[in-house]
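Heads up: the structure comes next, in structure tokens.
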Amino acid sequence: MQLAVNIIVLAAIYALLACGYVLIYRVSRVMNMAHGELSMLGAYLLFAAATVFAHHPIPALIIAILMSISTGVMVYVVLMRRMTGEMVLAAILTTIALGILLRGLVVLIWSASEQHPLQSLGFTNPSLAVFGGARISTCAALIVLMAALVYGSLFGFLRFGRWGVRMRAAGQNPLLAAQRGINLHAIYALAWSLSTLTGSIAGMLIALDSGLDQSMVVIGLKAFAPALVGGLDSLLGALFGALIVASSEVLAIHYVDPLLSDVVPFLVLIAMLIVRPWGLFGTREELDRV
Amino acid sequence: MSSRPRASGYFRTDYAADYALLGTRSARIWVALFSLALLLFPLVASPFQLDLACQVFLASVGALSLMLLMGYAGQISLGHAGLIAAGAFTVGILFRETNAPFWLTLPASALVGALLGVIFGLPSLRLRGLYLAVSTLALHFVVIYIGGEYETRRGFSTGIMIDPPQLGSLSVTDGRAWYFILLVAAASTLLVCLNLLRTRSGRAWRAIRTHETVAETLGIGIAAYKLLAFVISSSITAVAGALFAYYRGFVSVEAFSLFLTIQYVAMVIVGGMGSLLGALLGAAFVTIFPYVIESALLALPGAQGFASMLFAVNYAAFGLVMILFLLLEPLGLVGIWRRIQSYFLLWPYRHRPAAGAHQ
Amino acid sequence: MTLLDVQKLEVVYHRSITAVQGISFAIRAAQIVALLGTNGAGKTTTLRAISGFLGLDDARVSEGAIVFKGEHTENELPHRNTARGIVLVPERDKVFPNLTVSENLIAPIPHGVTAAEQRRRETLVYQFFPQLRDLRQRIGGLLSGGERQMLAVASAIMCAPELLLVDELSLGLAPVVVSELLQRLSEIRRELGLTILIVEQSAPVALEIADYGYVMENGHIVLDGTAERLRAHPDIQEFYLGRESGERRSYREIKQYRRRRRWYG
Amino acid sequence: MMGRLLLGAGAAALAITAQIAAVHAQDAYVIGVTGALTGPSSGTNGPPIEGLRLYVDRLNAAGGINGKKIQLNILDDQAEPSKAAANAKRLLSQDNVSLLILSSLSSTYAPVVAESKRANVPLMFMGAVCPKEVYPPAEALQFCTTAYAGGYDSRATLDFIKTAAAGPVKLGLVAMAIPLSRGEIDYAEERAKTMAMTTVDKEVIPPPTADYTPFATKLKDANANWVFSWAPWVTEVKTFEALRRLDWQDNYIAWSHIEAEGELARLKDGKLYVIGANSFFQDRLPVHMEIADAVKKASIRYPAEQMTEGWIGGLVLESALQKAGWPADAGKVRAALESVSVDTKGLRGGPLEWSKDNHFRARQYYRVYRWDEAKSAIVQAKDWTAYDVQ
């Protein structure tokens, strides 16, 4: 039982982080290697807001979320916009560089020691009993709920929302999209803000659940394994990929060797790349696209 | 290949001239002067500067091999640190287990590198660009894991110590000796690369990089050449790792983080894609830059007062500079270099002749 | 009144190759104008210049002016032009392969357009192309060539254009499909009072519905006139409509000859 | 174009300043410090350096030692071996320091030790775990002031568990997946056998982990009633929290890193014990007060209780340099260090004494703290217990 819960929680974390990669990739064919850092930044923004509005959680949360959205937009407008038309590698490298920059800034502003936004928000994180004697912490439960919520709304948005349809259109054929009067820059900016938002939500919740420090970055990095396993251009894929990776990781910890837990995602990834390079739900021509 | 403008009045009169590494007299003179400077450097340099130079040479070897793979064969790889680690660990393990001398371990690591090259290269037969990059990245983690396991299982909790290599009776510890060894290593790597690029395979790689399908239709065996590129580059990289192990006198997984890969990719990009000179410039820049920033920051009044912040600044600055280069100078350092060069060559005219203006 | 006025337009690729060398023409509102010419004559370039699509392949309008409803639109961004009312139906990649037909139609609708307006346009489109109504849930990638072309035109109309640019309408389509499409176009013109500029290699297709035509070669307009006049013109007869007349001269010769005529005559 | 100019200008400026930077302090004790001020372990290794700097600044303000100021040359190694090696080379060869101080991950030891041997300059570990080389018989050049040290820690911990435990001990062990921590935990496992404790589960947890629950689940399922963790604080505390979330109600003892005092107050858990060699600030000894207001004055970014390690390092440095006199070269400093005997003023259980063959300390004192729900304050679970080092 507990195993199942653990798997679900981890999967939710990965899913929340992975969809950020997917969102950006499908519109601009860029792998955002700074996603981990951006999520971490989101968490720190929450921490900052929490220290400013001590014990007024709601405004703090709202401020933090707004800030993280605008961060995403800024990243695009200031940085990635210039990289449109450059070669993919250059764009990826830009995101890597951005990541390094962010890491430095975070240490600069909030120092390297661990922070606990939960306390500064004045929340507590009691553990709840769920079916079969298994237990789950409130924040973890929140993560699962959030993942469901985010994915639900994303699916809805992309399928029915006008901007969603535009987004998919822009992803498939930017030229035609522009011809049809779709403002590509707006679309890309939207994608970046959405991905940063989801990433930050993940970051915030993880930070609330188990403290906040630099290690967040590596978690973010690990989350692109699910994204690729599922197929970089498919949200559904990201969801399934997260499930697969999470379950294999948890099972490896439980039955084989805890040490494996940080290679397992990549082993799964390699296996997938050998068998089905374009991922579970990915479209095949993506291979030649990049 | 060479898009450098030449002083007017220089014509190639035969194919030999086309193949000559150093076209003009002036080129030869410059190279001669430069190498002289390199030879004299140790006499004036402080040990710390020597160490920096050695680091630069080590980096150049790695950067050149990566440039071969990425800049010419057009295969993105994020497994570079993994390969360096593989080379280093080959030395470490062989030395620890069998106490093998360097003239055994170096070829061994080259061999291991070649084998890994095949493994790293296999995905490239099916994957391109991003997907390839990620698969190599995954392999990086696997290599590191294995290395780490060896370290702990054998109880080398603070890394594997390696004695300096024995040349006959004397053992190489002196900084100057290392300077020359690594200088030779870097120079020979450069020569190897230069010559490789002038062979059939070199041309094939460029063809593949520019357009894979077209290359295939031209009858180039894509698979073979891709693998070849990976094998060669990887074995050079592994040797670089081995040299690193001997130079530092120890091996430990922490030394081969993902950040190392990023640094090497940065060298290739900052230096300028598709140019060996770029690789060298990039290696020098990326290696020395942090120290320059550091000393610049420490030069500020009362710097020590808030040291921990300063170093965070240093860390961020590296990212910032990379961004600036990517945004403002896509051609990289080599682009700047060429601009300066052509400025002087073409003076007083401002534009170079259209032919070969862009590579 | 003239809707689009092209004056001494000159387009340069890669800062070196001049594809269009100072052409001028004007299109009056609610007209169908055909731009004829063989490969490389510069037709498509002209079209791209008008729709603002040059930037992508490193080309730009170096001389002259494109005036749409009194505004200069040289080197303007595509989506701006679309907002102005200039919409292009491209030669290939004309639909979004992974979107359903209805999504293909919704995608281009600019924000700010009310749902009611959207529905109005949709019904309008479906009434022009009833086939699409049945294919609403079909993925764009699975449509046949003809259906694709219809969808392309349809989604162009969803942008509520004033000037519709159609590139190589007939390319790779069966004659029967082509004639149907042409019919639709002229209907659309009639109903919506659109202005249409079609670029064609096959003159008969174009001249079938066009009111006025221009013939381009090597970046120059070498000939223009009403559809009837063009259809009657001996050169057109010979080289575009492919009717026999006297002894056959090689294509290149005729070009020279025509140039001479233009220069010395 | 503008940007390019900027790039060029910036590079030039840096180059120039770099030249200026290479200045030497003429009449001052030059001490080299390299540590992880940024990077993964900076949370643990940064504060000691800050503390040392704080202490030295106060010394200098008070006129220095033997009338000479102390100049600390601090360099950051980001916990990267090669960076550390380069730093050491630079400090030793360019700034020719007479003592090298290291506060970083264990992976940086090898290269730095190698450099210090090459230059024959003493190396003092401060805030970084003590290597075996400083235990008797000690390596000539290596010294260590750090509180924690492989071997003795596990011994003390297990002894405490033995005394505190009511019934039979079912021991769970937690390490981080870095060689050092794994080694120590393996040692603890061995020792537990000899003390008639059954080790029911051992978890080795990779440094960055999204969710610690899977590991905690195993510990719980193995129903351990005592869990001992000797790892970086993150791993220790996050595993504990995960266990509590699984509603595991038994005892957890972890090594008391510099963060411990703050964290105990945060967690408020009666069955979380921390064992360590440094006294907590809640004892409010005069020295604690002294440190606290020094921190307040200098506006350090870390809480006062994290300064202890650095402060002790400062005490040792002061007395060593006093002995060494002026001018002090590396040799003199080393000789002085070998006979150092520092009164830690209650920061530790007793004085810190070094001899020719013992560069760790003559006796290592341990104290156990825990949170007391009733008093809602931190209390001593066990006062100083001494272990002779031989």
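The chains carry the letters A, B, C and D, assigned in the order they are written, with residues numbered from 1 in each.
Here is the rule we go by: a residue touches a chain if its C-beta (ideal position, glycine included) is under 8 Å from a C-beta of that chain, and two chains touch if they have at least 3 such contacts.
Everything numeric here is computed off the predicted structure, so don't read it as measured data.
Novice: If every step must land on a chain the current one touches, say how few steps get you from chain B to chain C.
Specialist: Shortest path length, in steps: 2.
Novice: Give me the ID of the chain with the smallest distance between its Cα centroid and the all-protein Cα centroid.
Specialist: Here the chain at the core of the arrangement is A.
Novice: Quick one: which chain's Cα centre is the longest way from chain C's?
Specialist: D
Novice: Using Cα averages as centroids, what's the distance between chain B and chain D in whole Å?
Specialist: 37
Novice: Can you work out the whole-Å distance between the CA centroids of chain A and chain B?
Specialist: 33
Novice: Where the CA atoms of chain C average out and where those of chain D average out, how many Å apart are those spots?
Specialist: Result: the chain centres lie 75 Å from each other.
Novice: Where does chain B touch two or more other chains at once, residue-wise?
Specialist: 308, 312, 314-315, 327
Novice: Going by the contact rule already set, what residues in chain C reach two or more other chains?
Specialist: Within chain C, no residue touches at least two other chains.
Novice: By residue number and range, which residues of chain D touch two or more other chains?
Specialist: 38, 42, 46, 177, 301
Novice: Quick check of your reading of the touch definition: is the inter-chain graph here a line, ring, star, complete or other?
Specialist: Shape = other; not a path, cycle, star or full graph.
Novice: So, with touch as defined above, which chain pairs make the list?
Specialist: Pairwise, the chains that meet the contact rule are A-B, A-C, A-D, B-D.
Novice: Would you mind writing out the residues of chain D in touch with chain B in their complex?
Specialist: Checking each residue of chain D against chain B gives 3-4, 6-8, 13-15, 17-18, 20-22, 37-38, 42, 46, 49-50, 53, 72-76, 78-82, 85-86, 89-90, 92-94, 105-111, 114, 118, 131, 177, 179-180, 182-183, 301.
Novice: Which part of chain C faces chain A closely enough to touch in the complex?
Specialist: Against chain A, the touching part of chain C is residues 51, 53, 56, 77-79, 82-83, 87-88, 90, 93-99, 103-104, 106-111, 155-156, 159.
Novice: In the complex formed with chain C, which residues of chain A make contact?
Specialist: These residues of chain A touch chain C: 162-163, 165-166, 168-169, 172-173, 175-184, 283.
Novice: Spell out the part of chain D that touches chain A in their complex, as residue ranges.
Specialist: Counting only chain D, the residues touching chain A are 38-40, 42-43, 46-47, 177, 203-215, 217-218, 220-221, 233-234, 237-238, 241-242, 244-247, 259, 266, 301-302, 306.
Novice: Tell me, which parts of chain B touch chain D in their complex?
Specialist: These residues of chain B touch chain D: 46-48, 51-52, 55, 148, 151-152, 155-159, 161, 173, 244, 248-250, 252-255, 257, 259, 291-296, 298-299, 304, 307-308, 311-312, 314-315, 324-325, 327-329, 336.
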